[in-house]
Structures are given as structure tokens and as C-alpha cells.
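The following block contains the structure, expressed as C-alpha cells.
Lettered A, B, C, D, E and F in written order, each chain numbered from 1.
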Amino acid sequence: MRLPRFLTPTTVVSAHCDLPCGVYDPAQARIEAESVKAIQEKYQANTDPEFRTRAIIIKEQRAELVKHHLWVLWTDYFKPPHFEKYPNLHQLFNEATKLAGAAGAKGSLDPAVGDQLLGKIEEISKIFWETKQA
Amino acid sequence: MRLPRFLTPTTVVSAHCDLPCGVYDPAQARIEAESVKAIQEKYQANTDPEFRTRAIIIKEQRAELVKHHLWVLWTDYFKPPHFEKYPNLHQLFNEATKLAGAAGAKGSLDPAVGDQLLGKIEEISKIFWETKQA
Amino acid sequence: MRLPRFLTPTTVVSAHCDLPCGVYDPAQARIEAESVKAIQEKYQANTDPEFRTRAIIIKEQRAELVKHHLWVLWTDYFKPPHFEKYPNLHQLFNEATKLAGAAGAKGSLDPAVGDQLLGKIEEISKIFWETKQA
Amino acid sequence: MRLPRFLTPTTVVSAHCDLPCGVYDPAQARIEAESVKAIQEKYQANTDPEFRTRAIIIKEQRAELVKHHLWVLWTDYFKPPHFEKYPNLHQLFNEATKLAGAAGAKGSLDPAVGDQLLGKIEEISKIFWETKQA
Amino acid sequence: MRLPRFLTPTTVVSAHCDLPCGVYDPAQARIEAESVKAIQEKYQANTDPEFRTRAIIIKEQRAELVKHHLWVLWTDYFKPPHFEKYPNLHQLFNEATKLAGAAGAKGSLDPAVGDQLLGKIEEISKIFWETKQA
Amino acid sequence: MRLPRFLTPTTVVSAHCDLPCGVYDPAQARIEAESVKAIQEKYQANTDPEFRTRAIIIKEQRAELVKHHLWVLWTDYFKPPHFEKYPNLHQLFNEATKLAGAAGAKGSLDPAVGDQLLGKIEEISKIFWETKQA
């Protein structure tokens, strides 16, 4: 709810954007997604029930943070001209946040899902940095 | 982070959606938006500095909840076929969450902005209930 | 801590209640309780251990929200004259929040408990709307 | 939501109360209330606008915690026989949480309100420890 | 983020510490640690899978609160002269927070770990009250 | 409380550290600190009272996150051998978190304080990456 926004090196804030701070970076979503994937891998490698329960708890939290960071980018950083220039951007965010969310009992602790999530975030990140150049 | 999802009267859960609970309702976003607007009105009607500070604090929290409820609907409830059928749905959510977010020093405590926000949520709600009928 | 309050259609705020916004509705507690019950049902219908763990995590969060919404109503909405007029109102809230809380290993994932909880909330809701008429 | 419960020296848990941990203590509410009062005093003693804003923010958080600790005691610790033995206990909690809540622009930063709140918590605490003896 | 600080009976706030409120007490960390230990004991005494999952969830939250309370003391209460006078104080806090954190699948639900944690907090508490006398 | 941990490219997790995920990076603290500084600058550049109140609210949240990220690194990532090798590491973290905390009415919205905070985090970051090489 009161979760992080991010760094940018240069002129971030347009005239009509007073606060929040104008500091964004898709790295934050990526880092949490790396954490999700690491937890998925450890879950698969350890059959201790208590460990697995803790892994699921912590994974839920990390995945929720991935979603949050992506939502913040989608709502607060990206502006209408960006969505015009990148017509698939809405869908990309929607797919990424869906992946971050619990994909059901089957997928949610499979590292392959973590990999797909990281791939989506990489696509978003690429667009993000292009818009920062512009 | 651990925020509400919602009620639906009948068959909610499609075959591939195991958990969360399948209970969604745009009323929750609307209710928080009503709260935002009520705070904006009270802020305008009361010049006591302490009152105004508390109003701003609480409004930030309510607005954050509006955004959260809308994000959850957008990511967890709506599925690709919905976005195909309602091509402006992505944009609608993006505009609504932008409105819910801080619109800068000028707009964020203006009840007219609260009204616009409620209008957007009403549009989303209409679509939501259409998809429930389908 | 920063959890939702609610919509009311008409004159909400008495003279001595400046802020919070005066927007309350027992629907919010009910909706979370519907979610609790839906999770209880899904838990019973699915023996996958990972699914069940996730169900328990999410149910704890929803149940906590039910309690929070009820507490807010009990403390912030209802005033001394209401408690005079409805002498069992304190007890009703106490029983409802106890039901929302963890009822021990036996009960907490039994949909029948979810049903009881919904019943209590319905009683509260009835009183709430009567007081709004008055 | 994920807030503290408390210590008791001896047999705490009755046969039908499996979890949470059975550790309660009204000291926690009292401590937060001391914090509320200390903030109210500092607010009164310092006219720097930035300081005052920070005081209001932090006081809102502390007051919310007072309410939460009291709610937890009221719902999770006290059982029907307690409420029978102490017929004013419901009302006492209701008054205490109302005091902890924002008492409007006038009262919420007045240390006298903090004192009243501490008085109510002391009354609750006295009953609490009597029930522990029983 | 919005977590408790604490009571002290007398002159708490030095000239250069304006806000937070100057109310600290290691009892808060201890109380949460008692809760952690109580949960560990109940976990060991109950093999019901659902109960155990709930115990792990709640223990994670309580342990996180222990860490938070200790961190707040370490950063906000203790000042450079304290660390000079008690050269092992940094290490003591570091060990205590490490113990509060998940010690791996083996240790995290062993009441003996809860006991060690309580021992560390007792050491911190002793130093704390010595500094209050000074 | 349920806040982010971080990415590292290579072998992170020692044999006895099963979970959390082993993903750490001081960049997260730095990014929040950049946000703190950006808010401080915007606060200084804008005298609108409402804007300033919102700036203070959001700055408090960001500063709290800086502290949290640093605390997590200090407790969860760094191990006894690190503290032996870098004897000032405890003090460095303590100073950084103190800077991140509210430094009183005077300092807390001064970008120079944000700069000092970023300097401390840079020192921590340097040590962190040295330990990753080792």
C-alpha cells in the first residue's frame, strides 16, 4: 500500500506532476520477481513441510509486491502518449501482473512461471528506458 | 497488500482459477471513492489547519485503496476475452487509477475530481456487471 | 490500519463528527465474509497441500479484514443512543468478530462457520440500516 | 492487521483456544496511548508547521494502534463469562476506542483527551488483571 | 511501518529529539517474543496440518514484529554514547534480530530458539534500563 | 513489514540459510533514499500548504522504507565474519538508519540530509559488493 517508487537520473517530472517524487524504475519489480523465482526453486528443492509453508507465505508476499510495483508504473509513470506509442503496453502490464498473481495450485510455485514473469518485466523495462530517452 | 476482494452471487470461478476466492465487486472501489469525495468536501468546508492535515492524510489512504481495488479487478477479475470485447477497458482502468492517484496540488482535494473518479468507476462497474451476465 | 470505510446515500455526518469521512456500510464486512466462506469451500474441495496452504493464508487475511470492518463500525459509526436502543448490539459485534477470528483448528475452515458469520453480519446490517432511517 | 498481542505469566489458554498464542496484555494499548499523549504535548509546544504535520501523521498511526490493541483484547481475550461479570465492559471498550479515534479537529491533539484515554485503558487493565487472577 | 514505540516514566526526550514521541520500552519486543515462543510450543503440541500452517503464518508475523521493535530501539532510542559505553550492544541487537528472523526450517519452530531470543532481549532490556537511570 | 528483499546474480545462500530467498541488493535502500531527497527538493520548491503536507506524508513513508531495507540487510544479509572484517559496519548502518529516520523538524526536509543519507548508503553498498566478490 505504501510501497516504493524509484530512481531516475535526469529530468523526471513533467510540469503537471508535482508529487509523488518522480522516481521510478522497473528494476524494483524485477528484483521482487527474482525473489519469487528463487523461492520457487527452493520450494522445489526442499520437501520439509514447514519450510514449504514458509516458502508459500513469503512467495505470496513477494508476488504481491511485484504486482504492486508494476501497477504503480502502469498508473503513475506511463502517460497517454506512451500508450499510444506502445499499443501493447496495457496488455503487457496486464499479463505481467496476472503472472505475478497466483496462477493456481499448479503454476504458482513453478520456477518456469517465475521465468515467464521475469521475461514480461524485461519487456516492460525495455519500453520504460526507451521512454526515458525520448 | 492484503486488501479486499468481493462478492458475487453465482458461479464465479472458472475452471482454471483456483484461488483467490473469486469474489469481486466494483462497489468496493466506488465506496472508497465516495469516501475520497466526502473528505474533499469536508476539506473545502473547514479551514482549521489540523483538520486539513488529517483530511489529507486520510484522503491519501482512501485514494490508495481506490487504486488497489481497481488494480485487483483489472488484473484478477478481467480476462483476455473481456479486454477483446471492451477494447477501451484497459484505458478506462488506467484513467480511473490515475484519477485516484494524486493529481497534483491543484486537483487532489477538489470534489470535482472525486466526481470524475466516481464516473469512471461507474463505467467500469457497468462493464463488470455485463460480464457477469454473460 | 488503513482500511476501508463506506458509502451512505444521505446525511451521514452528525454535527460533532468532523472526520473520518462519515461513509460507512456493513456491506464491506459482509463482502469479506463472503470471501472467507468461498475460501473455506474451496479449501474443502481441494486436497492439494500447496493450494490448502495458500487458502489458509488468504483466509486469515480476509477474516482479519472482516474483523477490522466490524470494529470500525462498532467504534466509529454507532453512537451511545444506538447502543441504548439496541441493547444486544455490543454482544452482536463481539460474537461476530469472535466468529471472524480464528475459531481454532476445527472450525476455521468450515464453511458452516462462514455461514454463521454471515448471519451475524446480516443482523448488524439490519440494525445499521434502521439507524440510517431514523 | 499484523499487530501485536501480549504476554501473560501463567496459564493463559483455555482448552478451546488453540491459536493465536494466548499472550495478551493491556499494557500494549496503554503504551501506545502514552505515545499519543506525548505527541499531543509536543504538538502543543511546537508551532513549526512541518513539525506539527509530522506530529499529526504519527499521532494518527499511534491512535490507530491503540484502537487495534483494544479491539483485539475485546474480541480475542474477553469471553462471555467476563462480559457477564463486568456488565459495563462492552461500553468501556467502546468509549476507549472512540477516544482513541479521531475526536474531531478540536480534541484530537489535546493532551487532556490523551489523559482520558489513559484513564479508560487503566479501567480495562484493572478488569483484565482481575480476570487473570480468577 | 506503523509500528509501536513505547512508554517511559520520566524525562525521555533529549533536546535534539523532537519527534517521534520519545516513548520506548523493550517490553514490546519481549512480549512479541513470548508470543513467538508460545506459538512454537503450540506448534509442537499439535499435529493438525491446518493448525500448523496457521501457526507458521502467525509466528512469521510475530517474529517480524520482534525484529521491528528491536530495530526501532537500536536506531531511534540508542545514541552514540550508549554504543560507546556498551561496546557489544550493536552485536547484541544483530544477534537478537537474527534469532527473531527465520533461522531456517530446523530452528524456526523450536521453542528453544524462542528461549534464546528472550534471553537476548533480556540482555538488551537490562542495558536499556541502565541507560534510563543514567 | 512485508517489504522487499533483493537480487543477486550468483551464489547467495549459505548452507544454513534456507529461506528468505537470498536475494539482496542495497540498491533498494538507495532508490528509496533518492525518493526521499527528491521529495525534500520538491518540498523546498513549493510553498502550497496542501502540497507540503502531502510531501511530508510521503517522505515519512519513503524514509521508513529506507530504514526497513537497511535493517533487513544488516540483520539478514550480513553475517558475523562480515562484521569482523568491517568493524565499522554496525555503526555505519546505525548512522544511516538514524539519518533515514526523522532528524527533527529542522533536518527532515532538507535535501542536504538526503544527500548525507545517500552517502552512507553508498558506503554500505560498496562493502556489500565486496562481500559478494569474496
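Definition applied: a residue touches a chain if its C-beta (ideal position, glycine included) is under 8 Å from a C-beta of that chain, and two chains touch if they have at least 3 such contacts.
Note that this is a predicted model, so its numbers are computed, not measured.
Peer 1: Can you list every chain that touches chain B and also touches chain F?
Peer 2: Common neighbours, chain B/chain F: A, D.
Peer 1: If every chain is reduced to the average of its C-alpha atoms, which one ends up farthest from chain F?
Peer 2: C
Peer 1: With centres defined by CA atoms only, which chain is the most remote from chain A?
Peer 2: Most distant chain from chain A: D.
Peer 1: Chain D to chain F: how many Å between their CA centres?
Peer 2: Taking the average C-alpha coordinate of chain D and of chain F, the gap between them is 32 Å.
Peer 1: Once you find the CA centre of chain B and the CA centre of chain C, what distance in Å lies between them?
Peer 2: Chain centres of chain B and chain C, defined by C-alpha means, are spaced 20 Å apart.
Peer 1: Taking each residue of chain C in turn, which ones touch at least two of the other chains?
Peer 2: Residues 1-3, 18-20, 46, 49, 51, 53-54, 57-58, 61, 64-65, 102, 104-105 of chain C touch two or more partner chains.
Peer 1: In graph terms, nodes being chains and edges touches, is this line, ring, star, complete or other?
Peer 2: other
Peer 1: Touching pairs of chains, which are they?
Peer 2: After working through each pair, the chains in contact turn out to be A-B, A-C, A-E, A-F, B-C, B-D, B-F, C-D, C-E, D-E, D-F, E-F.
Peer 1: Would you mind writing out the residues of chain B in touch with chain C in their complex?
Peer 2: For this pair, the touching residues of chain B are 2-7, 12-13, 18-23, 25, 27-28, 30-32, 34-36, 38-39, 42, 46, 51, 54-55, 58, 61-62, 64-65.
Peer 1: With touch defined as at the start, can you tell me which chain F residues reach chain E in the complex?
Peer 2: 1-3, 16-20, 61, 64-65, 67-68, 71, 74-76, 78, 83, 90-91, 94, 97-98, 101-102, 104-105
Peer 1: Taking the complex as given, what residues does chain B use to touch chain D?
Peer 2: 2, 46, 48-51, 53-54, 57-58
Peer 1: Name, in rising order, each residue of chain E that touches chain A in their complex.
Peer 2: It is residues 1, 49, 52-53, 56-57, 60, 102, 105, 108-109 of chain E that touch chain A.
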